[in-house]
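One structure, as structure tokens, below. Some questions next.
All chains are identified by letter, namely A, B, C and D, in their written order; residue positions are counted from 1 within each chain.
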Amino acid sequence: MDYIYLAIALPLLGVLVNGFFGRRMPRKAVGTIASLAILGSFVVSLVAFLNYIALEGGAHTVMLLPWLSLPPLEISYGFLVDGLSLVMALTVSLVSFLIHVYSMGYMADDDGYPRYFTYLNLFVAMMLTLVLADNLVLMFVGWEGVGLCSYLLIGFWYKKAAPPAAGIKAFIVNRIGDFAFLIGIFLIFWLYGTFNFTELRQSVETVAFAGHFPLTLIALFLFGGAIGKSAQFPLYVWLPDAMEGPTPVSALIHAATMVTAGVYMVSRMSFLYSMTEVAMLVVACVGAFTAIFAGSIALVQNDIKRVLAYSTVSQLGYMFLAAGVGAYWIAIFHLFTHAFFKALLFLASGSVIHGMRGEMDMRKMGGLAKYMPHTYWHFLIGAMSISGIPLLAGFFSKDQILFAAFTTRPDIWPNAGMVLWIVGVVTALFTAFYMFRQIYLVFLTKPRFDEAEIHPHEAPSSMVTPNWILAIGSVLAGYIGLPALFAGIIHMPNAFQPFVSGALAGGAHVAEAAHGAQELFKEVLTTSISVVVALLGLGLAFYLYQVRYGVTEKLKRAFAAPYRVLLNKYYVDEFYDSTFVQPGRVLCEQLSRVVDLGIIDGVVNAIAFVVGAVGQVLRPIQTGFIRNYAWYMGAGAILLVILLWLGLGAK
Amino acid sequence: MGVSFAAGNILSLLPVGVIVLAALLLVLLEVLWAGRANRRLAGFGGLAVVVAGIAQLVYFPLLPSPVLGGALRFDGFAAIVALTVLAVLFLTLIVSPAHMARMGLRGGEYYALLFLSASGMMLLPAARGLVSIIICIELLSLPLYVLAGYNRRLAFSREAGFKYFLLGAFASAFMIYAAFIWGTTGTLSLGVIAESLPSAGNRALLLLGLGLLLVGFAFKAALAPFHAWVPDVYEGSPTPVTGFMAAAVKVAVFAVFLRVLMEGLMPLAEFWRLALYVLAIITMCLGNLLALHQMSLKRLLAYSAITHAGYLVLGLIAANAEAVSAVLFYLIAYSAAVIGSLALVAAWATRRTDDVYISDLRGMAERQPLAALALTFFMLSLIGFPITAGFVGKVLLFYAAYKAGYIALLIIAIINTMVSVYYYLRVVQAMYFLPREQPEDAAEGGLKAAAPVSVVAWPYLTVALISAVAIVVLGLVPRSLLVWLSMCSF
Amino acid sequence: MEPIVVYSLVLSAVLFTMGMLAVLVRRNPIIMFMGIELMLNAANLAFIAFSRHLDKLDGQVIALIFMAVAAAEVAIGLAIIVSIYRYRRDVDVDAVNSLRG
Amino acid sequence: MDALIQMMANAPLLSIIIFLPLAGAIIITLMSPAKSHSIKWFAFWASIATFLISLFLLAGGGGFEKFSHIEQYTWLPQIGVSYHIGVDGISLWLVLLTTFLLPISILSSFSAIRKREKEYYILLLLMGFALTGTFVSLDLFLFFLFWESVLIPMYLLIGIWGSGRRVYAATKFVLYTVVGSFFMLLAIIGLYVHFGTFDFIYLRSHILPPELQTWLFLAFFLAFAIKVPLFPFHTWLADAHTEAPTAGSVLLAALLLKMGGYGFIRFCLALFPDASVWAAPWIMGLAVISIIYGALVCAAQTDLKRLIALSSVAHMGFVMLGIFSFANTSIGQVGATIQMVSHGITTGALFLLVGVIYERRHTREIAQFGGLASVMPQYYNMFLITMLASVGLPALNGFVGEFLILLGAFRADWALGGLATFGVVLAAVYLLTMFRRVFHGECTKPENQKLLDLNVREFVYLVPLVLLMLWIGLYPKPYLSVIKPAVDRTVRAVMRISSGSVEYARSGEKAATALAQVLPENAPGGDG
């Protein structure tokens, strides 16, 4: 499909139209144009997809224009069309389209309506650039571009104090990751001389620096970028704050698409990662740790969106865990399913907030199921999917991640697989618990708000309809990439893996694994444990919030210290603030005051002052007395003669 | 010692002759046109200067022509100096009548003295022996002593003349003690000294004589520590006289200084180079540092004159072929700037002080844009900013010194130039950046706003503009002058 | 060098130094000026001594010329001093320092 | 049209570009100061005409590897000075940037300057004259002439039309700059003493022995480093930029600083290759300090203009880093050259934008603003794009240069390159924070609530800049393809010479050893 760049061009066109004329057009038109542009992108991606299938795996590059051309440096506007990028493009454009439609309802009364859709369209264009780029630098353009849109959209309600601050935080924390990413890029160029994925893959695989230290270094630096963009520990701190943005933005950017860019990048560069076990292990460990870490924070949060935000961080951890153990396609698969159910959850929570007039504290909700039945169902389906309730999308993808972790045995740490798996299982327990805790607190327990004051209502159809589509996705998305176990049972082969694998490295051992009988047993075992754990989490939530409603208060008191730590998110923000932000601020002020104005300018002024002072001090020698002047002359005459005689002596 | 009075040779005395004759006639005419005949005297003088100038150009001594038994030898170098002196004299004559009138002075012997002094300056570079040099220096100095104190009404002027005279005579006394040079070499003739120096008897005695001779030159050239008279005399003298002194005396003295060193004392170069090296450093630094806080523009220019003397010593020390034209060019550029600035000082001077303070210049750019612009150009030229003659002069001078290998001294000179930027720009700053003293009154309108706008009278402005144009022309197309100078090197 | 030349030179140096000291330490301009005259004449003496030593007449001619120069200086100098005196009625050089700094 | 292009190709184009503003200035001197309206418009149209004519430089076709549009007339044959000008890939965009920014800065002053307008526009035109001359001089004497000539108009612009401590700032500006430039003059004279000519084309093919290079290099270094400005020579910048009138700040930041960078890449590299390579680690170190330090100091500023001024320290640090990142490639130097252009556009635009609100509010204190986004939406958008370009966001102009520079620097020295990369993070910190404090939040101050959005004139001069930011960011090829050959040539020569494969000229004699291998077509006195 040689017109794949239209997928980017259409949203950009939307940006131009809405950016220049948006304020002079009726709102409906603005939203429609924006949505249609994204629909166009989706159609283009779909056509490309069909084309691609028809061509039987013909990955190809579409060259548009040169961009930075300084031989040996060649960077062009080139787009790589292969299974991986198509999956991403389809997911992104589909979810984006649904969220655009949703936004038309959600933002209907906002002052910045055209601005909102302009930014949103720009975001989609940038995201598609990111996933379709055929080289690292163009990918970086998209990478930074989505970061910019994230910044703009988080701070969309700029009149309030918090959103702009959160936007800056997101941008800067991301930039720290990008700093590492850039260094990775530089290393790649000076090692391999190209940024083009295809060429890079060839040289990495042929030059075979496997296990080579620079290679590991590159992988780790690139992963640094992913840590920032995909909100992994220790750079995850921006994502929860990003919830200051409008909820559809949280759904689109901070759940479904942008934050998964890191996972996409690692998968895209999988040929490089699979050459270096150390980097792989680091990726897996960071992912696993982030998963359990964020999951534990999510257990006690009270803000409806924050729970989901930490959940996102946690799920992204899963994806990196998968990538780190070499199961790239599963990482992408989880990314794919996650896009549906997490978008669904956010949009559903958006509907809740919408219906509750902006209330986000779950402690002031409860019993909403009867007011907004559709939303309740949406949320329930999403929660079930993410918790790994069998036969829903999340179940299949997460299950395969755990299985992949279970079976991995890296040479440098053979037991890593087991550890990672245990962490993953515990996280699954957490996930199920906090999701159903949320269901109970929001929808099922007794209302804790003044029902006379607030009249919760169901969202308009423009918001409900997209959610239903997402809900369907959350249920069914898993069936295109079934694990071998289920694939065998229902005779539905895994279509996803072969489709994306062409672009990925490794992962072969996972596919092979399913063949042996022992492996099959293992798979049954891990799957069962996953199911049990998910149900356990659900049950625990049921027990604590339904059966013995109110017991949580006692628990809080009983475990005051751990509870406080979790509630305060392990004090990481406070730690960063006191370690980096405040000292940094002081440093800047001191540099400016003491070094710049004090020392450097001080030296300059001091030189000027000293010269001036010497001039002033010398002035009295010009006494005005003739006899003084005569003395000077007499002394000068003697000086002159002495100087002349000095020459004589020197001879 | 064949005495030759060949006709061609005697004609090269014509320009000086005209000036001397004019001086004598001016004495006579002063009596005839009794009363305040400033203008007429100046007009007559101007005419004489033009005649002398034409004579100098017509009988331009392309080949050296000795006269009076070789005591004088006119060559291109001397002619260039003479022409410069004539030009300065001419500009001084333009300014003088107006200024004299404003100061309430009679023309009197003023013009005659100027002419006598000028004749000494014109002869000076042609002088071939130390005796004739000393006599020429006396000839140029004695009238100046009187001129410095010419404005008897002002205590400053009287003081200036008094100081100048006492210290000048003191310096002359040292200079005459060049007797030791004669005693050890048996000659005072420049060319012959150079030949006989290597075989000179008592070197210590010789160097003593040299040292005392240098005292005299250093005094006239305003090198520290013989500079002390300069600020007082410059400040106190009637402003046109200051201009004449600052420009013409410097030209003549440095020209002859260079000539004595290069033609007569080259065998002793290693000795006087060291001495002058030290003097140059002291002079540059002292002149600059003392100039920093000056309030009086005349005094500022006096210290600037000292500093520039320090720079010029670079050329003396270099003493190579490049230095000759560099020093001459520099002197011409300097003269143009200084005579122009002092013409404007004269224009703005009050009768009470015959001086201008920097604070008086505030807001001048709006009151007198043209004059302010001209003064800015003079300051830039004194700094050595491009597109001014001062820049070309500095480049030539620094080039000569660099070529002779005096890089450390050059760096000191450069640093001093940077310092000097500060005080030259103070003048520009006052004119362009700072408002006039009572802006509030002016803003309120009313009668107070009608404060007298000092109009620059045409003679001053003419001189300033001529100088400014000269500076820019010499800064941009110094080509023909350079050709001339290179021909007139010795 | 003949003794008479040496003696004359020594005398010349002594005179020169005395003249210089007069300028440096005395406050009366007339006396100072006399000192300068002394210095000039010391130089003239040196010229004459050297004239004897080198057996050249030039030195005596030069001395004569410089005497004329000195005379001119005297004329100018006295005039200036007198003009100052007219205004101030006292001729202490240390009182004349309104130009300074 | 073809005929016109043909005609212009034969015309002494560069001289026209240099002297047209001067002619304009002279004509304005003859106009009555009372007719400020016609003075303004005359100055504007004169600068527009210059700009349009300068566009014909591009029409000639052909590469800019070698100097083209050369004009050479003997001027002072006695000291080997000639009026020798020419333009190549390194200077072409700087010349165009000058002619482009001149009308913009004139237009931006129409309502901001109320007193002594005649002199003001004369000085602006003179700036254009001197700046263009600086960028095209191929004779060191001529170069120095133009170089210093820039100083006085700028001194007067700051001193007369500046704000607050304008006298202090103007004096500081001149003294700082003069310190460097007089040493440079000394070094230029030194070169003349050794080679007997000021001609750049000759000099660059006759290289001094390394030990002599070092001293002359240091003198040039001082002049250029102060102009750039490199840490620790930067403190003049903050005061001068802050107190200057808007157009003055624009010209200062966009063009005067470039004189330093241009000087390094044109003269230091070509004339003192060994010394350049010798000094490269140190200068790169200073550049990195400039980047980091500049950014940190920016973060502490409370004055909007001062913040933007100091950001130049960081941005020009990148330029210096690129110029001195010697590796077997010219990527860093190419990046530095394009970065100079794009920094000129971006920072120029930032100063213009600050000028817009300064004109309305007469304050530059960041704390005086807040919430402007809702009051001045168009202004907000312009500022946003410009600020992002300054941050170095990909697809805008800042990224292209910074990316190439860092790529080159990383090759030359991975540690310094890596540290410099961190500057990218810091740029975001101070710019975004400033942006938030000015534009976001509730607009509480009553005097801010009725601020007017951009008017047509302001649009007219801002939009071209924004378009250029996008153009360079999205499609820099036309720029790079011109810059690269010329830079390549310079860098190749440096590498060849410093690796010792070329003989040196003996000091004092006129060296006959042309760098035949490196620059074959480089006969003395003629190029291209």
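Rule of thumb we're sticking to: contacts are C-beta pairs under 8 Å (C-beta built on N, C-alpha and C of every residue); 3 or more make two chains touch, one makes a residue touch a chain.
All of these numbers come straight from a predicted model, not from anything done at the bench.
Q: What chain sits nearest the middle when you go by CA atom centres?
A: Smallest centre-to-centre distance to the global C-alpha mean: chain D.
Q: Compute the centre of every chain as the mean of its C-alpha atoms, then state which one is farthest from the centre of chain B.
A: Chain centre farthest from chain B's centre: A.
Q: Which pair wins on C-beta contacts, A-C or A-B?
A: A-B
Q: Provide the C-alpha centroid distance between chain C and chain D, rounded to the nearest whole angstrom.
A: Chain centres of chain C and chain D, defined by C-alpha means, are spaced 65 Å apart.
Q: So how far apart, in whole Å, are chain A and chain C when each is placed at the average of its C-alpha atoms?
A: 97
Q: Hey, how far is the Cα centre of chain A from the one of chain B, in Å?
A: 78
Q: Which whole number of Å gives the spacing of the CA centres of chain B and chain C?
A: Spacing between the chain centres: roughly 27 Å.
Q: Going through chain D residue by residue, note those that touch at least 2 other chains and give them in order.
A: 175
Q: In chain A, what residues contact two or more other chains?
A: Those would be 608, 619, 622, 624, 626, 630.
Q: List, in ascending order, every residue of chain C touching at least 2 other chains.
A: 20, 23, 32, 93, 96-101
Q: Could you run through all the chain pairs that touch each other?
A: Touching chain pairs, listed by label, come out as A-B, A-C, A-D, B-C, B-D.
Q: Chain C touches which residues of chain B in the complex?
A: Per the stated touch rule, the residues are 131, 134-135, 138, 142, 145-146, 149, 152, 155-156, 158-163, 165-166, 169-170, 172-174, 176-177, 179-180, 182-183, 186, 188, 231-232, 235-236, 299.
Q: Please name which positions on chain A make contact with chain D in the complex.
A: Touch list, chain A to chain D: 65-70, 72-73, 137, 140-141, 143-145, 148, 151, 155, 158-161, 164-165, 167-168, 171-172, 175-176, 178-179, 182-183, 186-187, 189-190, 584-585, 587-589, 591-593, 595-596, 600-601, 604, 608.
Q: Could you please specify the touching residues of chain A with respect to chain C in the complex?
A: These residues of chain A touch chain C: 619-620, 622-627, 630-631, 634.
Q: Can you name the residues of chain D that touch chain A in the complex?
A: On the chain D side, the touching residues are 172, 175-176, 232, 234-235, 238, 293, 296-297, 299-301, 329-331, 334, 371, 373-374, 388, 393-395, 399-400, 403-404, 406-407, 410-411, 414, 417-418, 421-422, 424-425, 428-429, 432-433, 436, 439-442, 474-477, 480-481, 484.
Q: If you look only at chain C, which of its residues touch chain A in the complex?
A: 20, 23-25, 27, 32, 93-94, 96-101
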